[in-house]
Amino acid sequence: MNLEIKDLHKSYDGVSVLSGTALVCEDFRCLVLVGPSGGGKTTLLRVLAGLEIPERGSVRIDDEPLDFEEAALRRHRREVGTVFQAFNLFPHLTALANITLPLNVVHGYDPGQAEARAMELLARFQLADHAGKKPAQLSGGQRQRVALVRAIAIKPKFLLFDEPTSALDPEMTAEVLDMIRDLRQEGRDLILVTHQLAFAQTVADQAAFVAEGRILESGPTEQVFSQGKTEICRSFMRRVLRFD
Amino acid sequence: MRITHFFLILATAVIPVFPGCSRSASEELVVGMELAYPPFEMTDESGNPVGVSVDLARALGEHLGREVRIENISFVGLIPALKTGRIDLVISSMTATGERAKSIDFSDPYVQTGLAILARAGGGIERVEDLNKEGRTVSVKIGTTGHVYAQEQLGNARLLVLEREAECVLEVVQGTADAFIYDQLSIYKNWIRQQDTTKAILEPFQKEAWAVGLRKGNDTLRLQVNEFLATFRDLGGFDDLGNKHLADMKKVFDDLGYPFVF
Amino acid sequence: MNNSRGEGSARVRRLLLADDNSGEGASLSARIFNAILVAAGLTALFYVAFRNVDYHWSWDSAWRYRQKFLTGWVSTILISAAALVCSTLIGTVAALARRSRILLCRYVGATYVEIIRCTPLLVQILIFWYVLANAANLQNRYVAGVLILSAFAGAYISEIIRSGIESVPESQLESARAIGLTPPQIYRYVIFPQATRQMLPPLTGQFVSLVKDSSLLSVIAINELTKSAQELNANAHTSFEGYLPLAVAYLTITFPLSMWTRSLEKKFLYES
């Protein structure tokens, strides 16, 4: 997919979070956003997901401009599969119902179709046994994987993952990362925010370094990670990659 | 061990210690009345009981050589209060009826009056029989002889049983009741205040006499009260009360040709 | 040795104490035993209290007027049921109004809730019937009674509903938005199911209160249970023979209501 971001500005309560973010990224399958906390990665992702309206700037995805108007944004959200760090699933619904809800209500599937599709995907990712359980009865890793299934069940144009493993322990993290790798291998387009840099290096073909509300570096993953042009990027990579 | 101790303490705490309701043999005479019936039972600006019945009670106390304490109790609660011993006498413009006499004793009557009607102006009510029809609504104050009369004699009418005289009058004034049945004096007083919207039919359709209420079997006190009432009347006590509290009413009743209460 | 005493006190402990503070964890025999204890204590309390009052009971007098009492009981059930439904509707509308983006809605809703919650029901009933209903030419006092009772309970219910809605975490709303649900859909599929669980316990309390508050409608001569008991007392010259059955009659209405909502609460528990 192609992504073009121009001069994005967004602030909350007078604090500027995105100050002129810009990016051109062509023909990529998986883009990873990395950078220090508070740098603006999550906000940028939320803009791409259609959940935030920037004060200034423009976004083009696959040569289509993103219209920052509520009704248009709602249509956009229906075509994007988003998974957050936590609290994705609705606690009062079973895993299966969590997946069929958007299919039924938003995408007009009839109940039989929705359930069939949901069960098929759950089975594919070894979650079929958990279909009737409520999120409280699932482990963290299982919950995130169900959230991932929900994201792909709607046949989205692309996926957005915001630190999907940050709230998980190492074993569950591995479980979720494996699933993300599978999704990549299936050929899905994906924009990912993560601290799991070693993992990022294996799945992402493009990377962008986000700090101080701007994208300071972008390009092929390998290049951004080991040959960063700016000192901030290089020192960040040094610090973080030391433990990977 | 500790558990049994706990149990013992709990048991002793649970045994109720209720003080008995008996009064000591002090000479206090407790008189119950509803202080919402001017000029017989009412309160002054400071909230102290005043009125005909209050004066009567105090005169009785003097006669018997006993301290009098006035208890303000809603009319419908007077007989129960008498029965439980919370009060010794009821002096609250209470009519002596056969039904009430099953529960309490009465002294000799001291006031002659009767039931009258406060009707909605233009409602076409001339006599009490007019009220005993389908579609008629009558308001009464709970526990009064008006209430009893309406229940027994006005079976076809809808009854609004309310707690306060003011509300009964309001229903008639607003037109949600056709008439209010109450004693002659009060009907007159209310009509004077609401002459545009109401009409008074003062000829009593049921004669009534007020008496002092006592606990059943309390014959000593009853005889004492009867003796007091006779003496009080001979000494002109009732005339004094009439002049003090009911002077203007006396004149009106004389003009209309109705016998005055005392 | 000391074994027998140890065993004995252990048995007593099992009979008197539960396993933990959760409200469960006691054997059937322990529960029956303690329930009987409480019932016995209560009976003893009332017995001693009434014995000291030196009251002459006239149950036969009271029995003669039972017909009115029964009609009043049925009236109260009907009035409470109608008010329960109406007040929940009013409460829902008011709660949504207070959350509305239209400022006028918000202010009207807030004013309604504050006025009702800060004034006594008795005053509201009197003003509603003698002033507002009179001005609007509403002649039927039963309709007026149900309306004012609904408006009264509705204010409290709206606060319960509002806090229930607000108890749903922000992240849930985010998640719902992210999958493309419209605001009405978010209310229907995400907020209300979760909010309901939060709202049920205080709502029960409010419903039970409503049944008891209906007794105040007696002041405008609505023939419900309390008025019937008052008239029974007036006619039979009694007090307790009217009021004790009155209390029991209210219990027969409120207790099942309480049980029903308790079972609803269990249905909505999704942590287990």
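So that you can tell them apart, the chains are marked A, B and C in the order they are listed, and the count of residues begins at 1 in each.
One rule holds in what follows: a contact is a pair of C-beta atoms (placed from the backbone, for glycine too) under 8 Å apart; a residue touches a chain by one contact, two chains touch by 3 or more.
Here the structure is a predicted model, which means the values were calculated and not measured.
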| item | value |
| --- | --- |
| Set of chains adjacent to subunit B and to subunit C | none |
| Dominant chain pairing [most C-beta pairs in contact] | B-C |
| Chain occupying the middle, per Cα centroid | C |
| Approximate Å spacing (C-alpha centroids) for the pair subunit B, subunit C | 37 |
| Distance between the centres, which are taken as Cα means, of subunit B and subunit A, whole angstrom | 82 |
| For subunit A paired with subunit C, centre-to-centre distance based on mean C-alpha positions, whole Å | 48 |
| Subunit B-facing residues of subunit C, complex | 9, 12-13, 16, 41, 44-45, 48-49, 52-56, 58, 61, 130, 134, 139, 141, 219-221, 227, 230-231, 233-235, 237-239 |
| In the complex, subunit C residues that touch subunit A | 169, 171-172, 174-182, 185, 189-190, 193-194, 197, 270-271 |
| Contacting residues of subunit B [partner subunit C, same complex] | 1, 3-4, 14, 16, 18-22, 76-77, 79-80, 83-85, 100, 102-104, 139, 142-143, 147-148, 151, 160-163, 167, 170-171, 174, 176 |
| Touching residues (chain side subunit A, partner subunit C) in the complex | 49, 51, 74-75, 77-78, 82, 84, 86-93, 101-102, 105-106, 134, 136, 150, 154 |
